[in-house]
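Which chain is which? They are A, B, C, D, E and F, in the order written, and residues in each are numbered from 1.
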Amino acid sequence: MTVAVVYPGSFDPVTNGHLDVIERAAEGFDRVVVAVLRNVSKRPLFTLDERLDLLRDATAALPGVEVIAFEGLLVDVCRDLGVGLIVKGLRAAADFEYELQMAQMNRHLAGVDTLFLPTSPAWSYLSSSLVKEVARFGGDVADLVPPAVAALLRERTT
Amino acid sequence: MTVAVVYPGSFDPVTNGHLDVIERAAEGFDRVVVAVLRNVSKRPLFTLDERLDLLRDATAALPGVEVIAFEGLLVDVCRDLGVGLIVKGLRAAADFEYELQMAQMNRHLAGVDTLFLPTSPAWSYLSSSLVKEVARFGGDVADLVPPAVAALLRERTT
Amino acid sequence: MTVAVVYPGSFDPVTNGHLDVIERAAEGFDRVVVAVLRNVSKRPLFTLDERLDLLRDATAALPGVEVIAFEGLLVDVCRDLGVGLIVKGLRAAADFEYELQMAQMNRHLAGVDTLFLPTSPAWSYLSSSLVKEVARFGGDVADLVPPAVAALLRERTT
Amino acid sequence: MTVAVVYPGSFDPVTNGHLDVIERAAEGFDRVVVAVLRNVSKRPLFTLDERLDLLRDATAALPGVEVIAFEGLLVDVCRDLGVGLIVKGLRAAADFEYELQMAQMNRHLAGVDTLFLPTSPAWSYLSSSLVKEVARFGGDVADLVPPAVAALLRERTT
Amino acid sequence: MTVAVVYPGSFDPVTNGHLDVIERAAEGFDRVVVAVLRNVSKRPLFTLDERLDLLRDATAALPGVEVIAFEGLLVDVCRDLGVGLIVKGLRAAADFEYELQMAQMNRHLAGVDTLFLPTSPAWSYLSSSLVKEVARFGGDVADLVPPAVAALLRERTT
Amino acid sequence: MTVAVVYPGSFDPVTNGHLDVIERAAEGFDRVVVAVLRNVSKRPLFTLDERLDLLRDATAALPGVEVIAFEGLLVDVCRDLGVGLIVKGLRAAADFEYELQMAQMNRHLAGVDTLFLPTSPAWSYLSSSLVKEVARFGGDVADLVPPAVAALLRERTT
């Protein structure tokens, strides 16, 4: 059996926490489709193309990982790709309750299951929005995101 | 890649909630090893052999599922089997915090990752201990556990 | 003693989860006043009149249930109606903390108590906003909301 | 409609937090049956008769409140009494998850609903076991329990 | 050793819950710097100067307390002031998870630790936004905020 | 003002997570009294003297840290020492709810406040009991506890 999973998100921008999930998924499964949500509700800092490029750059060395854009329902993406499993990182109990609601809706809609992968302790406090907030005020995020993201954040916020 | 997972527990006794996790794991992965903890801290209602038999009976029709006993560290079981992934069902945020602690310890000890699969809403309130408590006082648990478990519970508690 | 309760919300739109709470409240109490918040903070998908009509339609067969609109403080509605109890559905621990804060404020302001009724497992992942998001992208919500709501959602989102 | 509720517990011993729930239930409903679990899993500090007496003493002035002992399933008590609603106090989110599990089991077994009443902030940190622990080491619990309980705790722990 | 702490927030407006934290911090530490965030994400009801004045007025009698405005990263404020500790009030588990994320980021950025002080039960349900919502609809908040805040809220909301 | 804090626990045995809290408390405060509970409810693996020695050994280089044994109420220890602040490490939201209850009881009994210091992400999954469980089955805990503890655990569990 070839086991493929979809890892969805806004990735505005990708952080080391996201990469940790992708790397562990790539170790465990044959195929990991990173699915980038085209239109995020709040105005993104990075364009869709930038977000895709930064992810492709950061995951280039990982076998079986591909990066795509999507809009609409995630379960439709899963059906189109023939993938029956979603992977999500989990940082805290508060994450879990919202994510559980989404997971049960996705299972209800299309029988697609969600696997939760706990975040490594080292990145447990990371989120794209917190990284952007820190960067905006000149805080150093070099060890929280891939180098290309850090560089672009510096450019974009000065 | 053959993806194998270990699903550990006491299974004293197996419930429909456990079976739901096993069925969904069997759909998604090539091999599901259900690992039954030999010595549970509280005195079990069912012997190890009974717990193994009830599980084997309930999972007989599922391809790729095997049932074994274990004692000691779960990560040692994983290493012996050559399996790099643990699967756990998750019912509630309170479960998650304890399970997260175990998952991070197992990753620290042996690089073994844990995938959390949310429990189906229908079984979200089920646990082996609650089933035993209800059965002990004559409550009807026939639709909460496999038929053979229900029969044995009736015998054992009257 | 006649026991009356108020069940407040935005109901944009009413879901099967809301109806489950209303039905169980109607079983337990003499009078259930469903109170629909006139102005919700985010732009509603349905007008106040549509929200009231959909609720009245869905609860027509339930004895002792009435549907009203309100604005301002919920405790003022309670005082005007002579009702001393609020009912809320609870899905998860995360709900509980916010709702507890509101409940204690309402008790502080006017001595009005809040009774929390846990959501049926079958609807534990439902919310109006998730239903709208699914419907907007063409997902099938027919078994999550009353028929009239499903029809209007289809109209409104295509 | 006469609305009756059952309020179950070990009450080893009754605290001001329990009394607060009983008082508020007595205000809202016609009949409040306080049901005292005969055999609690850990060895109780007070006998069943002491627990019943202390509760009857503390609730003597409240109309519609009666105190009974029970063993077995709470839903059987409800059926025998013809009462369709359980009331529980809720202090914190962690309480909620366990109580939710019990509530959904009770609804599954016998269609009996559970209403959760949030604890008054003033008593949010109170529990029978914490009160006993404080009293055992000579801490002053006079303002946390009814006077008769405080007196008996002093006797019993010196 | 002189122990100084920073207590950050929007304080739009200061509530009795905030004052409780400040008073307890002033009892325990030599110096408490209340740091008021200049630009809050949502449009504040009170200007920065009003928020500063109301805080200074309410804390005038407390030794070692000073009130300043800040923008940018809190850890930069700490470094400029030579203060190595942040104090935050904690009301509930849900607060904790978000605050933990901030605390670990601040420790990562600048080695600044955060001390969490649990809110007094009496104010556990208070927040600036809930106070403003209640006041906007004519609810009485006189016993939830300092007198000067209550007066200004009445003015501003009628 | 000299700021002293008490850091209570069973320390059966001390872990790197405990040491992290002690080190950070020693950085922030003048005096840190580590208070070791004499009689823990479950049979401890290490005697009181062993627990004290391991802690003294591990904290020998930290200025202002002393290690004592206690029994009875922690607030009595605080009063005897003239210390008005307790420090606790916090790992997760589930910890918080129990600890909050204790903190509010201690404040009620003696006006003693509790400061919560979030655990470093690296040690967020550590507890004495989990370390003992891993060691008992031959798992390697050398990088989770001080060297002397690791040595003694190896001895004691083989």
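Just so we're on the same page, contacts are C-beta pairs under 8 Å (C-beta built on N, C-alpha and C of every residue); 3 or more make two chains touch, one makes a residue touch a chain.
Predicted model, so just to flag it, every value in this text is computed and none were measured.
Enquirer: What chains touch chain B and also chain F?
Expert: Looking at chain F and chain B together, the chains touching each of them are A, D.
Enquirer: Moving only from a chain to one it touches, give the least number of moves from chain B to chain C.
Expert: Tracing touching chains, the least step count from chain B to chain C comes to 1.
Enquirer: Could you find the chain whose CA centre sits the greatest distance from that of chain E?
Expert: B
Enquirer: Report the chain whose CA-based centre is farthest from the CA-based centre of chain F.
Expert: C
Enquirer: How would the chain A/chain E interface be labelled, same or different, where same requires over half of its residue numbers to be shared?
Expert: Here the answer is different, because the shared fraction of interface numbers falls below one half.
Enquirer: Per the centroid of Cα atoms for each chain, what is the distance between chain E and chain F, given in Å?
Expert: 30
Enquirer: Quick one: chain A and chain C, Cα centre-to-centre, how many Å?
Expert: Taking the mean C-alpha position of each chain, the two centres sit 34 Å apart.
Enquirer: How many angstrom between the C-alpha centroids of chain E and chain D?
Expert: 37
Enquirer: At least two other chains touched by the same residue of chain D: list those residues.
Expert: 92-94, 97, 100, 103-104, 121, 124-125
Enquirer: Taking the top-of-page definition of touch, could you list the pairs of chains it picks out?
Expert: Every pair of chains meeting the touch criterion: A-B, A-C, A-E, A-F, B-C, B-D, B-F, C-D, C-E, D-E, D-F, E-F.
Enquirer: State the interface residues of chain D toward chain E in the complex, per the touch definition above.
Expert: 92-94, 121-125
Enquirer: Can you check the complex and tell me which residues of chain D touch chain C?
Expert: Contacts found on chain D: 1-3, 24, 27-30, 84-85, 90, 93-94, 96-97, 100, 103-104, 107, 113-118, 120-121.
Enquirer: List the residues on chain B that touch chain D in their complex, please.
Expert: 91-94, 124-125, 127, 130, 134, 137-140, 144
Enquirer: Can you list the chain B residues touching chain F in their complex?
Expert: Interface residues on chain B, with respect to chain F: 72-73, 75-76, 93-94, 97-98, 100-105, 108-109.
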